[in-house]
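Each of the next two complexes has subunit A plus one more chain, namely subunit B in the first and subunit C in the second.
This part shows the complex of A and B:
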């Protein structure tokens, strides 16, 4: 019973980290068919934003809260710059975007190395997040609870924005049928740009969350980009709720297999499961319903 | 249309992830040309008033973060030796090459340094895979490599001088220390590659012979960042101490998780063998303060020789820089080579090898002496604790230098490990 609760919590917690890393990607990948390899570096930029914010403000508690919106803006601006300078020239050419953003990710990593140095840096967690919290006889790390709540909040905010705002309607229309959306008077270019801002901004938020978990170094992004793409592919391209289900499924699967075997075997088995799943359902858990003539 | 586009995107993403995974696994190719024919005649030029030596470190790639520091201390040593008149009256002329964190590139660059640059000796390497890739190159060309990092032992070559610790100078003293502290059970956590696996084999043999129970053994892939499950297993096993052989960034995630779960060094210490002064800041002093580490050198060693070394290093590279064990072992290696050459009265490899045994140097860590049989160095083992200042303070010392025993032949319980 102990193990059951602990491992389910660890799985959900791992899933929430995956979700934060993948949520923005699910949006941009789905909307524009752009494979953004630099998404990981936007996460890294968010993490370094938290580091800089804390150095400027000094207080760990305040800076964590303040750095969330700042990191969202930093990630968002990086995304818009990337979109406006490079990506808008190569929509519908996913392989080209892959190569270009791969190059951008290398440039951003080197930039981080030059600015912050090759050694990792640390963002101390605020006092109210240190140590475990006791609930019903189990102890849960506060940082992981915080990340879980943050991931849920990010998802709820994004889902609400997509469902209830005018921008959200324009995004959904563009995802479902770009030419028709355009003929209906939607500026898909402006929509794309805003989508990229939000998606990349979410990467920045993920970066802040990751400072509570692991190392903040120039190669932070490379640790998460593969997992983020896996979540998006398994969830179904362009599917926010698919990403949620995929992230938590993968998180729980990883933690369960890891508990009864080892971390290395768990990684391999989760990969094997994904490959098997994509054989049966290549479009992922959910798929975009469209009336367009494919 | 959308569907076919997403299919394409799916395929692209799948290709991409596969490629990424492959590249993340890194090159595991061994260098070609092992055990070749008799050595080619040496092309080392000793006629002028300069002698060439090679520095071969990863200046780029994932190991650059560690190996650049070794390059810095090697450069300092060369500068100091030149300022003091050089070796046998000749100034050192350094040829620096980048091993780029790839074993195959280490092998190629070693070949280049020996054959085209005609260096008298090469200093560098860090990972065991880079050393294993270079070993046949140095043997077939009959040249010399000075390797500065602690490693898993079970190796010796007449062409390599190992100036970092072998297992009986770091891991076994760490176990002796734990035993003295009354630890009766251990949990082993390591990265999934050669050093931790070999180290844990030795630890398990030691534990079996010394009545210590090993309560669990977990390996995480290199670069693993989610330690929730592993730390939960550690907590539930309730061992007296954790022996940590994780490498790189994984340490950050591990120690953050350890603290998050409320585990403390007082309740269950984690002794580490690859966390030095530079890594402490990145892990976060708060997350690791009070935890023990095992090495042979700390920046805080209070001797005039070390103070001079630390001051010279900070003067050259900046007051915020710290010195660490591999940097010190690399620094010492250049002076040891100088000692061997001067004892031999020649730069000739065979003469240096013959003269090597017994050469000693008053290093920042204390006096180190070359063992002529296995080309390792007698070193003093030190257990330190990480202080709130981010530096490591000596807590326990073996007292005297420990003779290197890479094959652990003098430990009855270790028989069978080397085979």
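This part shows the complex of A and C:
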């Protein structure tokens, strides 16, 4: 019983990290068809933002809260710059966006190496997050609970924004029928840019959350980007809620298999499970019928 | 020059350069380097077929390259250890002896067969699993990338079996020949050069065959190919398998030439790195990927000798500039000139429609 609860909690916690990394992708890849390999480096940029913020403020307690909006802005600006300079011209070539953004990610990684050094740096967690929470006789680390809450909050905020705000309506309209949205007076160009800002900003938030998990290094993004893409593929393209289910499923599967084998075998088995799953549902957990992508 | 003779002439020039000029003009060290570039060129030929002709962006060629390389490395390690012996690095880490899945590779025949068949078999399984279910485009790219990630993680996580993150190195012999002997190294170089010419000839035949036309048709209008009664899944799988087969052979040649294989040669980063030369040279052409791969590998070692971090910036910028502004690669400059010289005649569709 102890093992069961611990494994499920570890899985949910791993899943919430995946979800944070994948939410932005679900927007930029799922909704806009851009395969942004630099998303991982936006996550890294968010993590280093938290590091810099903490060094400037000097207090761990405040800096986590302050760095969340700053990292959102940093990630968002990086995304908008990328969109405006390179991606703009290649929306009809999704596979090429993958390679272009891979180039961007190489440059950003090297830049981080030159600025912050190859070795990992630590961002100490604030005092109010240290130690475990006792709940029903089990103890859960506060940092992991915080990440879980942050992931759920990010998802709820994104889903609500897409559903209830004017901007969300514009984004959905542009995604579903670009020419018609344009005819109805929506500036699809501005909408694309805002969508990219939000998606990339979420990567920055994910980066801040990752600083709670351990030290951060320039290749931080590479270790999450593949899993994040898998989450989007399994969840179904263009499906935010699919990403949520997929992230938690993969997190729990990973932690469960890891418990009975090793971390590296678990990775391989989870990949095999995903390929097997795509045999049953090639379109992911949820299907979009309005348009075909890729 | 008459176009009919252009390709055979290019083959002849390549053969003279590789077999006569290079061994005379280069020092043994530079010749080894060129041999390494030739290995990447062999991978590039396969990528040109799968990606340029077939529209399948494979980000997992490092897996097949790595399979060939590790199989060869395992055999060389076992051969160095002698019959019944345990390779040095294994003896250091654990005293359990050789794992059972190493044992078959004591045999030269089994090793060579495995190098030829295993990467192709894995590619066939993955290819059929994805293309049958019409998983393609971006999805296929991401899956192949996940395969590369999983493979590298598996190698790193298994230090007693695969040498972990340091990989396998320190080989002394190659099928009974000493690797320290310059004459044997020359033979290795000639082998790589010969294999490159052979795979080029193979892809050339595939390109002009009915299969080549079907493959391009699958890239440009998969649904129509299906309506015509062909199964695009089979066509694409064959191209993917051929590409994996070539990458496997290249990996097997890489090991004795370079003397080491580690997860750094097979993971996500090197797998995508294998694409850049293909993109620069011109993914849809026969010789473009080869020339691009050699040029990029050469530039890579030249630049990283001078500026260690400079090469990463250069590689990133190359990706951005070539893909964004010259998606047909350098070869498309030649088409444009030819098209301009020929006036408004129809240009042979140069840009692959990557969905």
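Convention: the second predicted complex is superposed on the first by the 290 of 294 C-alpha atoms of A that agree within 3 Å, B and C clash if a C-alpha of one lies under 4 Å from a C-alpha of the other, contacts with A are read in each partner's own complex, and residues count from 1 in each chain.
Here is the rule we go by: contacts are C-beta pairs under 8 Å (C-beta built on N, C-alpha and C of every residue); 3 or more make two chains touch, one makes a residue touch a chain.
Small disclaimer: the values here were computed from a predicted structure and weren't measured.
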Message = Given the alignment on subunit A, is it a clash or a fit between subunit B and subunit C?
response = clash
Request  = Look at the residues of subunit A and decide whether subunit B or subunit C touches more of them.
outcome  = B
Ask   = Who does A:6 touch here: subunit B (first), subunit C (second), both, or neither?
value = first
Request  = Check the residue A:263 against both partner chains and state whether it touches subunit B (first), subunit C (second), both, or neither.
outcome  = both
Request  = Please indicate which partner A:136 is in contact with in the superposed arrangement: first for subunit B, second for subunit C, both, or neither.
outcome  = neither
Ask   = Thinking of the overlay built on chain A, is A:35 touched by subunit B (first), by subunit C (second), by both, or by neither?
value = both
Ask   = Between subunit B (first) and subunit C (second), which, if any, makes contact with A:226: first, second, both or neither?
value = both
Partner chain(s) touched by A:279 [first = subunit B, second = subunit C, both, neither] = second
Message = A:95 in the overlay: touching subunit B, subunit C, both, or neither? Say first, second, both or neither.
response = both
Query = Who does A:166 touch here: subunit B (first), subunit C (second), both, or neither?
reply = neither
Ask   = Counting only touches as set out at the top, which of subunit B and subunit C does A:119 meet: first, second, both, neither?
value = first
Task = Determine, for the stretches 42-50, 78-86, 168-176 or 186-194 of subunit B, which one clashes with subunit C when the structures are superposed.
result = 186-194
Task = Kindly list the residues of subunit A that each of subunit B and subunit C touches, one partner per complex.
result = 29, 33, 35, 94-95, 98, 222, 226, 229-230, 233, 262-264, 267, 271, 278, 282, 293-294
Ask   = Inside the complex, what are the residues of subunit B that reach subunit A?
value = 1-10, 12-14, 16-17, 20-21, 24, 62, 64-65, 68, 192, 218-221, 223-226, 228-230, 232-233, 236, 249, 251-253, 256-257, 259-262, 278-279, 281-287
Query = What does subunit C use to touch subunit A in their complex?
reply = 57, 59, 126, 129-130, 133-139, 141-143, 145-147, 149-150, 153-154, 156-158, 268-269, 272, 275, 279, 309, 312-313, 315-320, 323-324, 327, 354-355
Query = Along subunit A, where are the residues that touch subunit B in the complex?
reply = 2-3, 6-7, 10, 13-14, 17, 29-30, 33, 35, 37, 92, 94-95, 98, 118-125, 130-132, 139, 141-144, 175-177, 212-217, 219, 222-226, 229-230, 232-233, 237-238, 254-255, 258-259, 262-264, 267, 271, 278, 282-284, 287-288, 290, 292-294
Note = Within the complex, subunit C is touched by subunit A residues 29, 33, 35, 86, 89-90, 93-96, 98-100, 102-107, 109-110, 113-114, 222, 226, 229-230, 233, 262-265, 267-268, 271, 274-275, 278-279, 282, 293-294
